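Supplied in structure tokens, the structure appears directly below.
Note that the chains take the letters A, B, C and D in the order they are written out, and that residue 1 is the start of every chain.
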Amino acid sequence: MTAFADTAAFPFRLLLPETILAGGLLATLLTSLGKGPAWRKLAALLAAAAAIGAFVASLDAGAGAVGTTIAGDSFVDRTVAMLRVDAIATIVRPAITALLALCVFARSIDRDDAGDGEAWHACTLGIGLGALLVTSAANTIPMWLGLELVSLGSYALAAWRGGDRRAAEAGMKYVLFGGAATGLMLFGTSHLYGLTGHLDFAGIGHVLGQGASPATAAALCLAAVGAAYKLTVVPFHVYAPDVYQGAPPTSVAVVATLPKLAAGAVLLRALPLVLPANVAPPGSAAAGLAIVAFVSLAVGAVMATVQRDARRILAFSGIGHGGTAVLAMAAMPGATSGGAASATMLQLLAYAAAAFGAFVCLGILERDTNSTDLEALRGAGRRRPWTTGALCLFLASLVGIPPLAGFLAKWAVIATAVTAGPWPFAAVGALLVTTAVFAFAYLRIVRAAVLTEPAHEIPCAPPPWPATLAVVVAALVVLGLGLWLDVLAVLTRELAS
Amino acid sequence: MAEFGPSSLASYLIVAGILFAAGVLAIATRRNAIGVLIGLELMFNAAALQFTAYGRFRAGAPDPQGQIAAVFVVVAAAAEAAVALALLFAVYRTSKDVDLEATRELRS
Amino acid sequence: MIGPLAATVAAPLALALAALVPPLRPLARWFAVLGSALTLGVGAFAFADLAARPGADLRLVESHPWSTTFGASLAFGVDGLGAAMLTLSGLITLVATIAAFRESRRPHAYHALVLTLLAATNAVFTATDLLVFYVAWEALLVPMLALIGLWGGEQRRYAAIKFVVYTLAGSVAMLLLLIVIANTTAANGGATFDLPRLASMAPVWASTTVLGAPIARFGFVAVLLACLVKLPAVPLHTWLPHAHVQAPTAVSVLLAGVLLKLGVYGLYRIAWPLFPAEALAWSPALGVLGLVSILWGAFTALGQTDLKRLVAYSSVSHMGFCLFGLASGTVAGALGGAVQAVTHGFSSAALFLLVGVVYDRAHHRRVDGFGGLAGPMPRFAWLLLFASLASAGLPGLGGFVGEFLVFAGGFTANGSFPAMTAAATVSVVLAAAYLLWTVKRVAYGPLGDPQHGTFADCDRRERLAIVPLCALLLVVGVWPKPLVDALRPVCEALLTNVHGAAR
Amino acid sequence: MPNWLPLFVWLVPLSAALVTGRLPWRSAGAAHGIATGMLAATTALAVWMTSIVLRSGGTFAGPHFDWLDLGSFSLGVGVMVDPMAAIMAVIVGLLATLVMAFNAWYMHDEPKAARFPWQFCFFVFAMLGVVLSDNLFLSFCCWELVGLGSYLLIGFWFDRPAASADPEYQATKNPDPRGVLEHLLSPAHAQLKAFVMNRVGDAGFLIGIGALLSLMVTAGEHGSVLDFVRLPGAAAAAQSTTFLGLSGGQLLTLAALGIFCGAVGKSAQFPLHTWLPDAMQGPTTASSIIHAATMVAAGVFLVARCYAMFPADALAVVGWTGGITCLFAATIACVQWDLKAVLAYSTVSQLGLMFVGLGAGDEHGGRAAGIAHLFTHATFKCLLFLCAGAVIHAANGLQDLHRMGGLRRTMPVTAWCSLIAVLAIAGAPAFSGFYSKDAVIAAALAHATAAGGAAWGPFLLAAAGSLLTSFYMLRWWIRVFAGEPRDDSLVEHAHDPAGAAKWVLIALAPFALSLPWTTGDWLDRALRAPHAEHLHAAHGQAVVLASALLLAGAAAALFLYWWAVRRDRDTAGALASRLRPLHRGAQELWGIDRLQDLVFTRGLGRWFAGRCARVDLGSPSRLRALDEAGDRRAADPLSLDGAIDGLGRFFGGLARRGAVLHGGRTGAYLAFVAIVVGAGLWWSVLR
């Protein structure tokens, strides 16, 4: 076990990314004292600087754990792990911070109607901070605290377009549904604590390893709801289409990607710890996860085909991809190598990059018509060939056309799940079949945006350069992750250690 | 744990369970967003209560983690309520109503 | 340093990118000519090599590292079949480029997409690495989607989406197979996608099981499904008429001339070598499927009223011969299937170009809306008759060689094949009926529409595209020996392997 | 023999076709001149070749290449000359030369005339390929090319409308119903019909080749297994081979019948004969060569070529088919009023007679007799058609026997030449038909006597056909040339062919006499006609029988169309109404054309193919909806394509059900989660 950092001194280097983000958050909030475009620009600059700084810091943070010493009344003091910067966090933290920076860049496409852009950046940095906490959480308290931080920011972001009915509705739905999920998670976590006496993953897993009752399993399931709803897997997915449809473009780019990365990362860490092999009956955990994956894929694919809004299609795509990530996790119990973990990781990264790119592209296209309705996308390809081309690239990655990141991720997931038992195999079948169904759904976007002539000419200005940069970076990631086949081996090696 | 009373874990759990059930029932049935919000708070409080109770009646000795968690839960519930109220207000501003059945412009 | 085969993939890709650069856009069509001519040249070079040293071994072999952990490498090499297909791909793309030389709607994008498609098809035809094969196999859907969906007819979107979803659905199982293969090779001494090595591991596929079934059993079906959709074999063919009807002329040419051959090639290159025992076991069923394709395609073609749809169904019928010949398990049959794939490329491309010629003038494709075009357009009529006869398998023209070899193979094969071949001879009648009936309704008789009397005959550009195809049909029909000699070692090795696996 | 000689005989017409087809100047005269010259050269070479072969009497194997080597067997391209092939080549060359020369006159005012020579030369090239080929594969190839040649020639006037829409046709057609489907009578349709019906036979031919191939391969033969010289080997191998449950003998019969099926198509035998009368839509000169030396001759020739592999039961089929066709076509010929139709059905009938001969077996002289009749028939039928062409040319396209008559006065050369040909086809003594037809009937009689039973069938049918032959041919001649003119302007305008064309007729006439064929028994020796005692006896009986038939038929024709007409009696009409069912049946071509139109064109070609198209892509309304509106809701779940779309609709329906949950109701979302959690808790804990 990694030695705990000295709890007396703040583990500065280890938590430098979080620190930078927190500082950035405060600084950005301070800029809201001023008024005018210059201040807004300053807020964006500060946020970008914080995100990039956190990214750089996360690259060289090293590994370690942060714990706290609990003083017992009559027992020896116990040291309880709180945060653990392990291989998972080492990989995901740079991804989150980089994505955060891209989100800040992408914000340049939003028309700032309410005039409170600074706070948007602050909220986004808050989401990032929460995501980082979740990512390296080794204990349920920082996990759900982080999730709560992510959630609070996300609720605000979803409703950001002041005075917009749809945005407000999205925010309300998000907060009520998210609150319910949080409530369930907290209720489950409290039971888990009561049944095992521990709040940290290792402790819970240690107790569960000695035998688990159905009540514990139920508590465990409830405790996972928080992450599950962030991952938008069935049955905690219902909010996603509405929120993605109603929220402002860049807010969607944030809330569809960052929380998923974080939730996936924490599940990745928690699952092997808390799910011992002897949770009765054997294979039931894998079966349960595979069933969740199967249903998510099926619901996502089938529902995606009839949507009339591009963002809703992408929301259902996200539900399917959440299911895909869960499918990879299904192979984890009992897996010896890091194959399942790396597959999950790659799936999360590939989805985040492609979905971020797609949402930003849609945001750029949306600027012309103020709608992502498929009808409103008509002729986008003629109007903005490069943006539409990039959108197609991201969609191709989402559907898994080689040689893009989505293809490699799908490959990794199938490769790890195909031998994990009958239920995962069935889910693999669903994954393969829904490829074609999802392709049809995405093709409806392509059909509207690329293959249909515009009804009338719409004047359009080139997108702002930061957003362009964000799209280009995302596209490069999608291409690079797809072509660099060895990434899978690298991830496996890193995650196995 | 067979007997009920202030010194029994079961009594706290039962109360928490009732709270939770009431909360779930509220969110599942209320048409008014405020009602749902109240249900959420009930669920949160059930969790907080359980954390404290479990910490207090931990096998062997009381554990401070339960109380710590409960404090965090209360903080979270407050923050959640604040944000939720702000968003409900935003909805109210645009549609003069917080009826969940009426607020469904976003749909498949 | 990349070799000639990698150049046939890399150069079109580079040219496609160059065609998109604004200052170079006017040159886009010349880039397409260049890319296809390069492919043609490399194919011809490979043929010359094959003529000098006949054999089933791979030529122009090259390999560039891609991923050691995956066992994938950018490996290329061609045998007789690959060389034939590469040459066909270059030639047909060249012809299609000539046919679309005057494309006026965003020509740079059009030619860039054609070049991308060329790169992808070349990669499929030359790859000796299964992963590269698969990547190219899937990736070529993208340019095809755009070409049909952007430059097509009124219902192009429906047709393009149907095409993509259909073919994608057909090949998902193949993805699973690839993954299983990767897992298995990794467990058997190092991951690899090298096709010759995978072929040599046939016993492993037969003995290793996934969920209780040997890999070979499911793998063969997976590859088969992917190839039968592309081929296309009845009843997986209904995307084809839509795609052809909606695609612009030049894209129809590419679709019929190159894309359908991918299915044949996949059967010859993946399904049969990797899973010989399964291939043998499935042969009778595939023979039936081939027979059904032949007859159903022919009868359905007879019942069409749209010229392009008619030619599309004739493709279904003719590609059925490829399947039938290969399934017969005889050298003659397999050879006939391969030759048929090549000559069908020529004849169907020519037929689609000719349909394009009348469509450009009359702006419709209804068979009964024409008549007597031989009067105002004698050259057109002769070329149409020529291409139709070649397609109908007149001796001395290309279509006959493959068809006769398939018949010869089928008659000398075992089991129910002679009887099925006898049934397949009905297609000889049907092909003559639907093609020459079409010639009659289009070119002969009195003028169907008085306004058609003023139609100009095929101009120089149109002839430049069609006449070489007809010339090649004649050359292959009269003297197929070079082509057959190049293909024979491949087919022999293939069948030796298949029949060896049975013992 | 020089190695190149047969190759040259074969390829000179091809080069003639290439030269005349690509002439830089579009001069019909020059093209005809060059073509005639080159065909004459072909004929000269063929004569030279024949003289060598007849002198040596054996078979000469020319150059042979492996076209394709397929390991277990190879497909070859090569030539072979035996006396039969050599004589056939001479006849083909000679007739082609003469017809080409005649055509220069016949088409002197035809704007498309320049096309004729190359198509014609190509046709001759293809036919010579069939004649000189040394293996079944090359024969099949050339066989198909013959089909292409006929396609081109029949469709020479491809732009003509269907007869029902052709005012010229309507003005000159005869008033009687002819059983011909006018809306389907046009050069463009006739050429299509000829090609497709030939392909029906060719499909059988392919099966025959396939059966032979599998026989040879199973027997372990290697190399160019389809060579004619190896056919006796195939027959021998058949004794010891079994393949897929078929004995070798059965396989051999199947092979023979398959090849005969090809011959049925090409030689217009019942029931694949209907294309030949329609083929009259081509120029009459093209008809003259199609009906004489090329095309229809190919079938008879091929069966003779493959004779070694025809077992007795296959020969019985050949004989019966020939016999049925012989009588069947003759009955139709008796009631035709179209100048060329009579000749067309007479060709069908005579071809049937040849098959009767072939079916009689070699030991009874049937093969030699059939081939001899093929040769003699080629010459006089060619002459008949050229005469008919001269008449039609003179009559400005009129072909109606009702309006002709008395043309002998203004067209003496044509009249006499055609009378010689008519006597020849009728089988009058001293004419060539007498010699060959007599031989056929003798062979059939000998065979019937020897085999008994069903073998009498072909003989009797052939005899009945011969009886009718003399009747309808004399009827034809009398209606055209004899008697008083029925249309004075016609007779006044009529004239014999001019110049070379006239000499062509005169040059052909001697061949209709028996002398050129029987001098020194050269033909019998060349064809290795057997000489046996029982054959002599049969011969004697056949001479008597044939003469009697000739006399009876001729007497009937003279009585009905000459004697009665001179007395202004419509005895023929009275007889026709007396025999009304038979007469009507024959006039309606015994319904075969209608039946084929119903079953194949309308039934299979339109109805069934239309059904297939409909099952495949859906109903026309679905296609229209797709084509015009892109309406994917245009459902036809009973079609293949519609079912695929139906799959999509199924998912769409599922999704619309799912929309209940995803319909934007927050209450529903929360309730759903509550229910799921409650159910989960109940299932895992409380259960």
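Keep in mind that, in the parts below, a contact is a pair of C-beta atoms (placed from the backbone, for glycine too) under 8 Å apart; a residue touches a chain by one contact, two chains touch by 3 or more.
What you see is a predicted model; the values in this text were computed from it and never measured.
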Of A-B and B-D, whichever chain pair has more C-beta contact pairs: A-B
Chain centroid nearest the full-protein CA centroid: C
Chain B and chain C: spacing of chain centres that average the CA atoms, whole Å: 65
Centre-to-centre distance between chain B and chain A (centres being mean Cα positions), rounded to whole Å: 25
Centre distance in Å when chain B and chain D are each reduced to the mean of their C-alpha atoms: 95
Cα-centroid distance, chain A relative to chain C, in whole angstrom: 43
Multi-partner residues of chain D (each touching 2 or more other chains): 655, 658-659, 662, 664, 666, 670, 673-674, 677
Shared-contact residues (touching 2 or more other chains) in chain A: 172-173, 176, 180, 184, 241-242, 303, 306, 440
Numbers and ranges of chain B residues touching at least 2 other chains: 27, 33, 36, 100, 103-108
Set of all touching chain pairs, with the criterion as stated earlier: A-B, A-C, A-D, B-D, C-D
Residues of chain D touching chain C in the complex: 67-68, 70-73, 75, 140-142, 144-145, 148, 151, 155, 158-162, 165, 186-189, 191-192, 195-196, 199-200, 202-204, 206-207, 209-211, 213-214, 217, 243-244, 604-606, 608-614, 616-617, 626-628, 630, 632, 640-641, 644
Residue ranges of chain B in contact with chain D within the complex: 24-25, 27-31, 33, 36, 100-101, 103-108
Of chain A, residues touching chain D in the complex: 172-173, 176-177, 180-181, 184, 214-215, 217-218, 221-222, 225, 235-236, 238-239, 241-242, 299, 302-303, 305-306, 437, 440
Chain A to chain C touching residues, read off their complex: 392, 396, 399, 401-403, 407, 410-411, 414-415, 418-419, 422, 425, 428, 432-433, 435-436, 439-440, 443-444, 446-447, 450-452, 484-486, 488-489
Complex contact set, residues of chain A against chain B: 70-75, 80, 140-141, 144-145, 148, 151-152, 155-156, 159, 162-176, 179-180, 182-184, 186-187, 189-191, 193-194, 197, 199, 241-243, 245-246, 303, 306-307, 312
